[in-house]
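Okay, got some structures for you below.
The following pair of complexes shares a single chain, chain A, combined with chain B in the former and chain C in the latter.
Coming up: the complex of A and B.
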């Protein structure tokens, strides 16, 4: 079920939030609308935590995580680290890592089983990722871009990648990740997929600029529509109608 | 807020003091005062500058290996907040500092006694 939201009039949702199967991190914004949108969908299932990283609001691009753990850059303050450790369930391992490439959300893309990383990542960091997140790590590029974390978003059920990814690349990535992949855009043609949306196994949040076509692509590749026909019609109506006049 | 160590002399840098220099390879250097910053700009090696902790530790003038130093190590994997643990830690900190100072003094007296 994909929802369209905005963070303080900005459509780049994936920058200000991080959504996984076990928790959701949200940036501290001026108004509570952003937080409420996540709370309305998720609060009875997973903890929704308001946080900052290194005093900034761009938390989605700085941290990376899945249901097993959360990795934070070295710029994270001790107080933020403690706050996250207190708010997240005990099965999630919270770890701060010392890495030159500190925007982990841009360098690493992961789901619960596999992670794609920036080709220049440290060996020690790679081992930490495999250990904390419990994933198999592959160094890859997407459409020639080394920032894999920004140009693709994938979950355990599907993935969306940069629109200029060639078909061979798409097939190769698909076999590596073992999930169906589609090359598409978000937020009216933005190529930076992971910055424009955030997704987990059962929900997705996109920027409000996302067109109905993009939304239907997202819902189909991430398998967000439930089976019932009535639900399908309702969902399709929501994604096909941009606004009520 | 975090009390950092000066890269050059290893003293604590309190908030509002010192300069932080970020090099192009993203390595951060913190200095407690302009003396250390200027020495760094002159490309002096702290291990060869007599008044720094780096020199004193290297040449055995000051105590290096001790269990009291383990308490101050930077931890990257935090533990859940527990009020009792925090209370005990806060009570223990002055005791540990006292013990550490005693041991450092002992180390120096032993060293001077050996010389004579």
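Coming up: the complex of A and C.
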């Protein structure tokens, strides 16, 4: 199921959080509401870690990871690196890499098997990604944009890409990623998918501006809705109601 | 699009695979649509976004019912007909500021019908505005203008005092005849100079033109400077004075005096003037008056142009004027030199034997004189000239000249034709001049009529003068029998006539001259 939340009155969730199948990173906000939203959903399944990267709160766009590992930019301080190493489970390899393009979250999009990267990424970084995250790396563009990490979000079960992606591109990406893809928007027509939402195999969080239509698209492509009738009534109620007066 | 991500150009030789754009769901209503920058379908966009928010729906415009003009604040009044492009421009200018502030652009406007007496003008505008990251929306928007009636300043002033004038041009010439004014009147009609005058009144010695603004009067005076040798003096009189705004209202007077030398005047130059002008003979004839006086020495065929300032320096008067012309009969003519062209006119020196018409047949008084009209005269012709032999003049310069040089007895001026009252196929328009009833002398009317007849005859004779003014075709002209028309009486050729426009039955009759002109343009 998909949940609508806000970070300090801002709907760009994917900027301030990183959700994978093994852990969840959350930025340090003024109030605890953001953190408690994630905790309510995930605390008994995976660790939810509050952190900053390089002293900033835009952690979702600076780091990239999956269940096998986590890659951090060179601006990460030693304390943050240590903090993350401590909080995350042992099978997750936390690695700090030296890369000119330091907003790794904007440049790389990955799930547990495949990664799409910025066409100008270093060869060394590409190898590191393949190594640490255990994925197959493809250099791609999405709808002519080179920041693949911003304009698409995909998991092991499905993916959502920039709305202006042509059908040929969609087919090509789908073949590469081996998951069904759909072109859509988030946060009431925003094209920056990965900044507006964060998703893993069983749950998704979207900005509160997301309309019911967008939410239904997300739930269907990421296969978040279970088939049980009872669950449908409860879960669908959340996605059908646009806003509470 | 981010930098560095431009697609390769189709013609650059690279293979660009075809890109079919897929469909996305509208984020609000879920209907499948082509992706656009807002990612909302057109109906949702139109429903949610009203681009005409903040655009005024009512406005006011001020109208003067007298002169059908609209106020353009702060002070100018523009004439515009109903539903005309000028009116559209005025109305749109009222909306310019609010539209620009909202960053809305106008892509079209049209009038919606409203009753003419409803005091409402309705416009339908098409507005264009950018909303939500790059989507440009277009929407129609009706605006209603309320028309308020107010008299504009000019009409208010005209209504409160219709005869109020601010400037007057007093045109005077101190000569006993009115030929100059008849000619000037025709010039004014041709150039439309008197159209701004509130009224034209005749005064002893000239005309008065009344204007509602000083600049109009100055315009008339400027025109006069180019057509006549004049001297101007200005004066102004304070009418009222607003102490708070320090605005002074004046009545301006332009006193314009035309030089008293006219065409066909005989002038005797003093020896000093004669020397200044390069030895121009003591007797000169004035042949043309424009903004300079042209003086012809009939014995040497030299022409000298004297402009107004120089004339004022010498200030000579005419010794003999055209009223004193006497009729002569040419008995014999002997050409002395070939015909030459001086200053656009043809002259030929010749010796002529003439006798006064009053003497002819009674006695044998004959004069042999040198004349400049050799090209026109044949034995038996009637000529008009100045009789210096029998004249009794009160002119110092003439006396000096007579003493120093031997003056000819007769100076021939122009050929005379039979005075036959004949109808003309052309006519002239007249200016509406208010007659000065108080100053009329007895016999004035007859004198005026004679002068006018003489003026018309002059026009027939002189094609140069005709060139300056407009002649109209007289529809009432009945062509006379061929036998009654003399052989060489000059008449105006029909090509020079303009057809007078008249409303009614014969407005299909197209202008002979203008039709030719049109044909000339088309071919």
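Quick notes
As a working rule, the second predicted complex is superposed on the first by the 243 of 245 C-alpha atoms of A that agree within 3 Å, B and C clash if a C-alpha of one lies under 4 Å from a C-alpha of the other, contacts with A are read in each partner's own complex, and residues count from 1 in each chain.
Here is the rule we use: a contact is a pair of C-beta atoms (placed from the backbone, for glycine too) under 8 Å apart; a residue touches a chain by one contact, two chains touch by 3 or more.
These numbers come from a predicted model, not from an experiment.
Overlaying the two complexes via chain A leaves chain B and chain C side by side, clear of any clash.
For the superposed model, the angle subtended at the Cα centre of chain A by chain B and chain C works out to 100 degrees in steps of 10. By the touch criterion defined above, A:174 reaches neither chain B nor chain C. Applying the stated contact rule after C-alpha superposition, one finds that A:214 touches chain C and leaves chain B untouched. By the touch criterion defined above, A:93 reaches chain B but does not reach chain C.
In the superposition on chain A, contact of A:141 is made with chain C only, not with chain B.
In the superposed model, C is the one of chain B and chain C that contacts more residues of chain A.
Looking at the shared chain after the overlay, A:77 reaches chain B, while chain C stays out of its contact range. After overlaying the two complexes on the shared chain, residue contacts for A:85 are found with chain B alone; chain C is out of touch.
Between chain B and chain C, the shortest distance over C-alpha atoms in the superposed arrangement works out to 16 Å.
Common to the chain B and chain C contact sets on chain A is no residue at all.
Only residues 1-2, 25-26, 76-81 of chain B touch chain A when the two sit together in their complex.
Taken together, the chain C residues at the contact with chain A in this complex read 1-2, 4-7, 17-22, 24-30, 35, 38-40, 132.
By the touch rule above, chain A contacts chain B in their complex via residues 77-78, 81-82, 85-86, 90, 93-98, 100, 102. The touching residues of chain A, counted against chain C in their complex, run 120, 141, 144-147, 163-170, 183-185, 188-191, 211-214, 216-217.
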